[in-house]
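Worksheet: the structure to be examined is printed underneath.
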Amino acid sequence: MKIAKSVARYIGDVIYALKTLLTGMKITGYYFFHPKEILTQQYPENRDTLKMFERFRGEVILIHDENNEHKCTGCSACEIACPNGTIEIINKREVDPETGKSTKAIDKFVYHLQMCTFCNLCIIACPTDAIKMSQDFEHAVFDRTQLTKVLNNPGSKLMPGIRE
Amino acid sequence: MKPVFLKFSLYDFSEWIKSIHQWLIELAGPTIGHLLGLALVGTCFLLFTALLGLSVVYIERKVCAFFQQRLGPMRVGPYGTAQTVADIIKLLFKEPTMTKESDKFLFMLAPFIIMIAPFMVLAAIPFAKGLHVMDLNIGLFFILAVSSIGVTGILLAGWSSNNKYSLIGAMRSGAQIVSYELSVALSLLTIVVLTGSLQLSEIVASQADGWWIFKGNFPAIVAFIVFTIASTAETNRGPFDMAEAESEITAGFHTEYSGIKFAFFFLAEYVNLFIVSAVAATVFFGGWMPLHIGNIEFFNNAMDLIPPIVWFFMKIAVIMFLVMWFKWTFPRLRIDQLLTLEWKYLLPISVVNLLLMSFIALKGWHF
Amino acid sequence: MNTETVELGKETQEYFINMGPQHPSTHGVLRLLLTLDGEIIKKVEPHIGYIHRSIEKMCEHDSYQQIVHLTDRMDYLSCHMNNEAVCLAVEAGLQLEVPERVKVIRTIVSELTRLSSHQLWWGVMGMDLGAITTFLYGFRDREMITDIFEETCGARLTMNYNVPGGVMFDIHPNFQKRTKEFITHFKKKLPEYEELLTGNVIFEERTKDIGYLSKEDAISYGVTGPSGRASGFSCDIRKKHPYSAYDRVEFREVIHTDGDTYARYVVRMDEMRESMHIIEQLIDNIPEGEHKAKTKAVIKLPEGEYYQRIETARGELGVYVISDNKKSPYRVKFRSPGFSNLSALDTMARGCKIADLVAMMSTLDLVIPDIDR
């Protein structure tokens, strides 16, 4: 009697094990025979259709309009807000040709991409919304120096009416 | 001298092989002709294994990718077909590193030993009618005996690397392969009881009117399941890949190998996978015999049209797919559970199964 | 090798093995010095510090807004909770009342983070045990959550979504729709997880009665989170000291008493269900209002000490801030859950095999940057 019971339990164990293994195989088998479920995106090929979300933080850019004018007054709020010293603002004195008054303007808006942690604090700190995060994420370059960027276009000016 | 290639037939290779043999002997005399024949066969097998390795690795990667909702290799060549070629080229160019304290001779020897076993086993497998190297009268026994040479290579690799991870892997694999040999042999013997012969060509011939898995009643199915599990373990494939369990002992016995020496281990694994599938196909699924159902003439004739070699490779592909399905679904067993599975489950089951089959064969209850 | 000479043939020799810092299943740069007898583990000695980046020291030079983004880099799988802990501590110091909307948003995002962390853990757990397919399935479902994060917070992993006083942006208009989509999707996929691993006989054999941790040991080592709750130690901060919107949602503190690897696994699987339950309660009831309370540009905490504890995906995270009324804190100390959980590994692993150690480590769910900081 005892032997019969243990033999029954032995066979039960084997059947239970086979059953659970087959349940697992059913799941992977389902995916094998349903290739429509494949999720792979072929990246460089789908570059045209790949669109990042608008809030995606790629890199910091300085917004220029069609007249090559930006909104940065050179107040250095972003430089102070940055935890890593990513942003360096070099100012210059500029003489207004009409009024003859000397004002502060940015000479270079230097952005060290290699130090950036994409924390968005500079964008929040900017009082004039001059900078924003772009959706560009392809940052790979062959030379580290190329990661240090000057964000203001050559010859760009401050948009009129921002300083007030 | 007759033109040899006229005799070529996809359905029967024996005439063709014979004429090549005679042509060689006429060309260079009996001794050198014979040696030339051997060299020819060796070259054929080298090319075959290389191609086999390339294609099976590619298939495995694609199958695995589809199980995991991925596409797998897609970059090199159309649908990534040249990916494995690129991998081999990379492995050939890699530096074959060696640890300072390793046993240099054994370290170099191990990859060769591990490749010898599958090569020798391939010699005994009948690919199609008349297409086998040697038709030994103890073919099945030869396969079982020779395939266990491979474990020596694993043990040597683990020992000579002078790396504790490698040693653990090698010892695990030693214990594993020695135990699982028993179940493999017993499950094959279950069919030998029916055929009454160990000669592979006779085993195939005995299945002309139906494959043993269908003719052999319930015990044949049990034997097939046991064989599949045990041979998966013998080839060191997941869920029994104890010897190279990458999450536990990094890469097991081939941790220290790089470049082409690593490729040898890798290739041997896939050739072994092919071999166990081929043995299973020969013993359980009728080798190169086409599928025949009873006396439906029309169906049987249609099946006969497909060449036997295609049948053979189709059967192998199905069994290999099954083994891959195991690997990509299940978690790995622990070493003691692995041995428990063998000694407490597979071995008793196959012994009882063998007795049952003998009884059936005595009574003539099989078909 | 062991210095003791033992007589050959009578006794086996113990040997050491360095598991890590480069090892596939230490999940980072953790080094375990194992003392082995064959495959049996005699002793486990964790060596940490390979990814120490002195985050606590860096905090002493940064303003309170800047500290937040550093905590992303500690336990990167529960980054939102880390941020929240710092923000809650700062808000408590300022005695700032954050809007109700912020509390609810923070809770939802926290639970989504917990879900994504547990999904990744499930995948990695399977992979540690040798089932590589689970890894891909876990990541498949996690991808939907990271997409939600990317749309609302702007980043997938190190989101830095919290700022002292609120959250950085208001939620994206698609946030609620996508979250609901995810919940319906994942409710279908979770049974698959169960069938693939939980019910599998090999998995059961590998995890049951392995790595036992008693309740007393769990308490004395300070093992918290799902690992502690699997030993019967009721330690859910969300229940004990509710913060954000946890006081208004109904959920179950998942407690098991087995204390083995399987129990730790099951606790996490159940926690995923509870997280979904919490999100379901809140997702349609996000109150209207501001997404951020007004704070000064330069935050100065009044002189004193502030401590805030929250429940991350791994356990209890404590943030201890000492302020001397300056722009940056005088001292910041993080009580990270991973550090305490790791300390229990030795007790659990003795007498087990190497393969069991791997299973144990994956159910402790260690994140090494969290341990080293």
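Letters A, B and C name the chains as they come in the text, with residue numbers starting at 1 for each one.
By our rule, a residue touches a chain if its C-beta (ideal position, glycine included) is under 8 Å from a C-beta of that chain, and two chains touch if they have at least 3 such contacts.
Keep in mind that this is a model prediction, so the values were computed, not measured.
Interchain contacts join each chain to each other chain, per the touch definition above.
Taking the mean of each chain's C-alpha atoms, the chain closest to the overall C-alpha centroid is C. Farthest from chain A, judged by the mean position of CA atoms in each chain, is B. Averaged C-alpha coordinates put the centre of chain A at 50 Å from the centre of chain B. Chain centres here are Cα averages; for chain A and chain C they lie 24 Å apart.
One inter-chain figure worth recording: chain B and chain C are separated by 45 Å, centre to centre, where each centre is the mean of the chain's CA atoms.
Contact with two or more other chains is made by residues 67-70, 328-330 of chain B.
Along chain C, residues 133, 140, 196-197, 200, 202 each make contact with two or more other chains. Residue positions of chain A touching 2 or more other chains, listed in rising order: 21, 24, 27-28, 39. In the complex of the two chains, the chain C residues touching chain B come out as 15, 17, 23-25, 39, 126-133, 136-137, 140, 196-197, 200, 202-203, 205-206, 353-356, 358. Chain B contributes residues 64, 67-70, 164-165, 168, 238-239, 241, 245-250, 328-337 to its touches with chain C in the complex. On the chain B side of its complex with chain A, the touching residues are 63, 66-71, 74, 325-326, 328-330, 345, 349.
Touching chain C in their complex are the following residues of chain A: 16-17, 20-21, 23-24, 26-28, 39, 52-53, 55-57, 81, 83, 117-121, 124-125, 133. If you check the complex, the residues on chain A that touch chain B are 14, 21, 24-25, 27-29, 31-32, 35, 37-40, 42.
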